[in-house]
Amino acid sequence: MVGTAKPRHFCKDVMSASLTPAQPGTRSSSAERGHSLLHPDRLFPVDPEARHIARRLFESVSALPILSPHGHTDPRWYAENEPFPDPATLFVKPDHYVTRMLYSQGVTLEELGIARKDGKPVEADPRKVWRRFAEHYHLFRGTPTRAWLEHAFTMLFGFDERLSARNADACFDQISTHLAMPSFRPRALFERFRIEALATTESPLDDLRWHKMIRVSGWNGRVITAYRPDAVVDPQFDGFAENLRRFGEIADEDVGSFEGYLNAHRKRRAFFAEMGATSTDHGHPSAQTADLSRNETRALYAKVRHGEASPEDAEIFRAQMLTEMAAMSLEDGLVMQLHPGSLRNHNPLLHASFGRDIGADIPTATEYARALKPLLDRFGNARGFTFILFTLDETAYGRELAPLAGHYPCLRLGPPWWFFDSYEGMRRFREIVTETAGFYNTVGFNDDTRAFCSIPARHDVARRVDCGYLAELVATHRLDEDEAQEVALDLAYRLPKAAYKL
Amino acid sequence: MVGTAKPRHFCKDVMSASLTPAQPGTRSSSAERGHSLLHPDRLFPVDPEARHIARRLFESVSALPILSPHGHTDPRWYAENEPFPDPATLFVKPDHYVTRMLYSQGVTLEELGIARKDGKPVEADPRKVWRRFAEHYHLFRGTPTRAWLEHAFTMLFGFDERLSARNADACFDQISTHLAMPSFRPRALFERFRIEALATTESPLDDLRWHKMIRVSGWNGRVITAYRPDAVVDPQFDGFAENLRRFGEIADEDVGSFEGYLNAHRKRRAFFAEMGATSTDHGHPSAQTADLSRNETRALYAKVRHGEASPEDAEIFRAQMLTEMAAMSLEDGLVMQLHPGSLRNHNPLLHASFGRDIGADIPTATEYARALKPLLDRFGNARGFTFILFTLDETAYGRELAPLAGHYPCLRLGPPWWFFDSYEGMRRFREIVTETAGFYNTVGFNDDTRAFCSIPARHDVARRVDCGYLAELVATHRLDEDEAQEVALDLAYRLPKAAYKL
Amino acid sequence: MVGTAKPRHFCKDVMSASLTPAQPGTRSSSAERGHSLLHPDRLFPVDPEARHIARRLFESVSALPILSPHGHTDPRWYAENEPFPDPATLFVKPDHYVTRMLYSQGVTLEELGIARKDGKPVEADPRKVWRRFAEHYHLFRGTPTRAWLEHAFTMLFGFDERLSARNADACFDQISTHLAMPSFRPRALFERFRIEALATTESPLDDLRWHKMIRVSGWNGRVITAYRPDAVVDPQFDGFAENLRRFGEIADEDVGSFEGYLNAHRKRRAFFAEMGATSTDHGHPSAQTADLSRNETRALYAKVRHGEASPEDAEIFRAQMLTEMAAMSLEDGLVMQLHPGSLRNHNPLLHASFGRDIGADIPTATEYARALKPLLDRFGNARGFTFILFTLDETAYGRELAPLAGHYPCLRLGPPWWFFDSYEGMRRFREIVTETAGFYNTVGFNDDTRAFCSIPARHDVARRVDCGYLAELVATHRLDEDEAQEVALDLAYRLPKAAYKL
């Protein structure tokens, strides 16, 4: 999907001496043992017949442009278009998947150069951070992180052997050399990745300055925002009271009243839509929705605004706000996304030392059938409303989510998310969801990433796994190959384009 | 399993021009891409070795008669033996699986010709309903509905290409022509399907007139009833008070007392047993059972009878009645079935406009280990009692259901049900359940269908998937092939026959 | 892994006439239909390419010594080194997996010779018990019990055909003959099994006399104990008050105060550690932990000690004690294991007649993310603390356990346990856990068994399934084969050795 960089240095590993490169279309032989850096048949079914079908399906979607309707890359990168500073800052420090695994095996966040809130010293030398990462590279065996890294290392930076403690320095240098080239600046990579549209996620408190800068720059990469109001919707969010004050200020609305508060949302949503947003996103601890009377809601908002909300009140307020947001989506056409079920900041020691989003978020059991009913009772049958559901609790796929999406016209299922953005995770999703909800109540892939270089890798994985799943449907005569071909295109391109109104 | 009808018209589809028919025993080749209408190896493992074993196993069970001990076809069909009216009425309108998928993608129930409770006009032309269905046929890709439809289209109505918008009218005509033939009347199809015994499900309020008519008709198809008392057991059932009154009237018992109410059940159970019933069936929101004292039960019944039961009272009453029904099963030998865990009528708009059972039932998490304990504490070790459990919450398979069925002599596990009556659903069931409960604590297959023409298709799928699973046990040397052969026969025929006392 | 005994008698079965032995490395052919007694490729992937890889991986681990860091064999066996009495006592009577399946299909425990608490007569003839077992041998088709039995029957006792009603007596005699040989005494088998270290599990009330006897005997088999304090930690344990009294007596501490009670634990832990223990084990109904103040804990302990604890108090006390045990593990270095989620003694009739542990324990839904937080808040980031989690609720693998273990330095995931100690159970574990937690946050295999002869079988199954899983990673190019080789060694040997400090 992305052109192969011509490597100028080769890093040599102890294992690689006898390795010969894999040949496209051949099955692995003893000669290539130990070598799987981007085998052309990776992630396809093992059975030769099914693998052939998968290969044919994949050929037709592998070069399609990338639609990235939900993600967390930094818009500043595309606005300023500065070089990425170094390999550790690009690949290690901002990537939860990487830091959490290293932390679980005794590497401290300080050793990885993650900034402490108290300003105490942490590792400042990116090369040392990189070496620590390379020494522990075996920890990622069998994980999607490994697949994403290997894709970027090979396709972008020309590695032809595995990263290890032994070749860490050479690899660091090799990436650094590339990062200094103009063709490795954010916009150039964006184009090389064939990204047709990419959404970032911003709070209503964000002034979207980087998005504005991108717009006025003349660059025609399509980077859009998405409206993520948790900071002013969740009474338990860090700094909620101050957030609310700023929200009123920015929107020029009196958030002392619930009506003013709703108006502030309407205005900010409109501004986000102007800056390209086609969707909103809601990261709640549960999927609870509510449909209180206006008077009940006003009274609840008053408690919330005065910091008097109990945890139960906070839950009901978030629940009510999902229904309010749905009502606004019916007005302004923004697609609504719900990402529930993560117990955030589970590790108080790390939260105190390093702040939010440090890899200590743990999924919990999440109920949908009863929780969504108040919202669905009002808007479940509404025309023109799209409500995309995600889950971190896979038990809901077959029990609740597929039956719900297979009935309500507004509902669509987002792709397997976060810990399940993986080969097995995607397989389980398709195997469990498809029989009840079909393909057309799903929305293709979201990369949902902060790790820019992983974007092509993640879409590559998703397309391969979907093609592999379709190939097995064909090989077991559950689907005709011409249909599988059409579905492969739908999943890779048409469904996200339609669902997110891109 | 059913003879192939000789088609008189061929519907041609844009994709079919270059298609050649699949040859039995060959693997799909590029020549047959796009063609999977009933490939003889459908649903078998992809690996050639395992596929050969599956084929051998399937050969010995594919022609066995069908036992259908749990289903919802209309006994009137067999009693009157009138022709089925038209393709839309046969395949689209009564089939939740079909209507819910279409509804989820924006087709209204009115457009599908589903009658409204308020009598407002809906689509009256079955050909137009059929066209809408055909236009949306791609939605069913990868679903069991597609497999069932294709089986009936091919085996009964001689289709040799996929249904599509383009061939919709020709296909409508082709089915219509067949339906007018004597050989397509219900009894003829029943015989062609090789059904040895088929159970319908009736309420205690039903007079079983159609079953009586079948009995006196001289036709020797074995159509039996099953006792489904939800309407007079669930205080939250629509019209419960009136149901109770009629129950007393029909049974000629004073249901003003709990003893009279129990006697009414005893009499109706005896009458159902006379009309062939070998089982009862209970569709409860949860698996809760109770074992109250007689005085507590009397007091609870008084509240229930006077319409004073809270939701919690209703739950306890249903729970107590499961234990009462178990006690009666010990007396009269009827096999007891429990189908818990569906949140019924989830969509209030559709419920108000179209009534119950309109495809908006959503499964919920269902607990068994604690819920069943009161009943099992009394009857779990009883001789001669059979209690068959179903679930819509697959998480219970390995965690609770297989361990329970692998211990209690009375318990058996029903097959994967409803949304899980599917290739992947059956695979998960066998893979998760077998290692703990074995094969002999399961009861073979139930089609559980309202869609008459899907009966042979569903049993065909179940036998194929079971043979495929057994073939993989053999291919991985977990089971000998002679044993697999025996198990295949048990699952297809002997186990349902024994478990349901047919 | 274990040498094949030279059989002196051959039991002949009706099915075996035409069977020829399987050849290593060949795929099953029609000639060997019906024969799968220990095929050399058993449990490997079906696909030939993946099977070849699995075979290569397995070759390097199949002969490794066994580490059995968690189990329930009787230390008296190794201490006294007496012959095992008879086949029924060795294979049937003590094995829940066997007795529960037979009971579920109508065989009474009396017929199996299980002693009743009231002393009423039960079957006394082991040959008759064995015959009943053999008559029902088909019930175990597709279960891990079947695989374990077949492994022992073949490798130890030289069977070359399946057990059946027909050959039951001959097989009984064949086993009996072997059991009389010196080479079939416990220590000889221990050595033949290549067990490097084996842990039993004892209560703090145990005087560890058998472990002492082993130590002074001069035999150098490494049999160690593990500290399992449920009997003095769980206020709902049978005989808790008396247990507590004896605990104080044995430890020579005043358990009238909470401090004395904790000191008693400290002393017994130290004694267990002297007798080789490297771990503690905790079998709780839930994973709940607590972190009460010392005063709250003292008050709670007073209630518990006086038998005044409500069920809720009992739950909090157990929860608090997990955190206390973790604190002691930080002091004395014992590895902590938690086995939560079993509803014990579900069948009151059997519990009353036969006592605890009679195969009627049923798993229940188990929450971890919130339940473990109090303990993890204190010790989750501590150096040198190892906390190994097990589950009977597989839904927690991906949702909670892998994310927790993939973050907290102290956490490791134990292998699939009890009902999930099986081919499919192990597959699900690796497929769900690896992508989030990797391999290095797991601890290899535990056999956790009372059935001595199943130990080599269980480790053989685990190594085969792990190699099969790794082979599929290699065949789908998710892992290089040299890495897979290393991981196979880690899972079979290095990880349990390190995690359990053996």
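Think of it as A, B and C in the order they're written, each chain with its own count starting at 1.
What we mean here is this: a contact is a pair of C-beta atoms (placed from the backbone, for glycine too) under 8 Å apart; a residue touches a chain by one contact, two chains touch by 3 or more.
All of these numbers come straight from a predicted model, not from anything done at the bench.
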Give me the rotation angle that lays the C-alpha atoms of chain A onto its copy chain B, rounded to the nearest 5 degrees. 120
Copies chain A and chain C touch via same or different residues, half shared test: different
I'd like to verify one number: the distance from the centre of chain A to the centre of chain C, where each centre is the average of its C-alpha atoms, in whole angstrom. 39
Can you list every residue of chain B that touches 2 or more other chains, as numbers and ranges? 45, 47, 365, 395
For chain A, which residues are in contact with chain C within the complex? 15, 22, 27-28, 33-36, 39, 41-47, 100-101, 103-106, 138-144, 146-147, 162, 343, 346-350, 359-365, 392-395, 419-420, 422-425
Give the list of chain B residues in touch with chain C in this complex. 45, 47, 49-50, 365, 367, 369-370, 373, 376-377, 380-381, 383, 395, 398-400, 402-409, 411, 431-432, 434-441, 472-483, 486-487
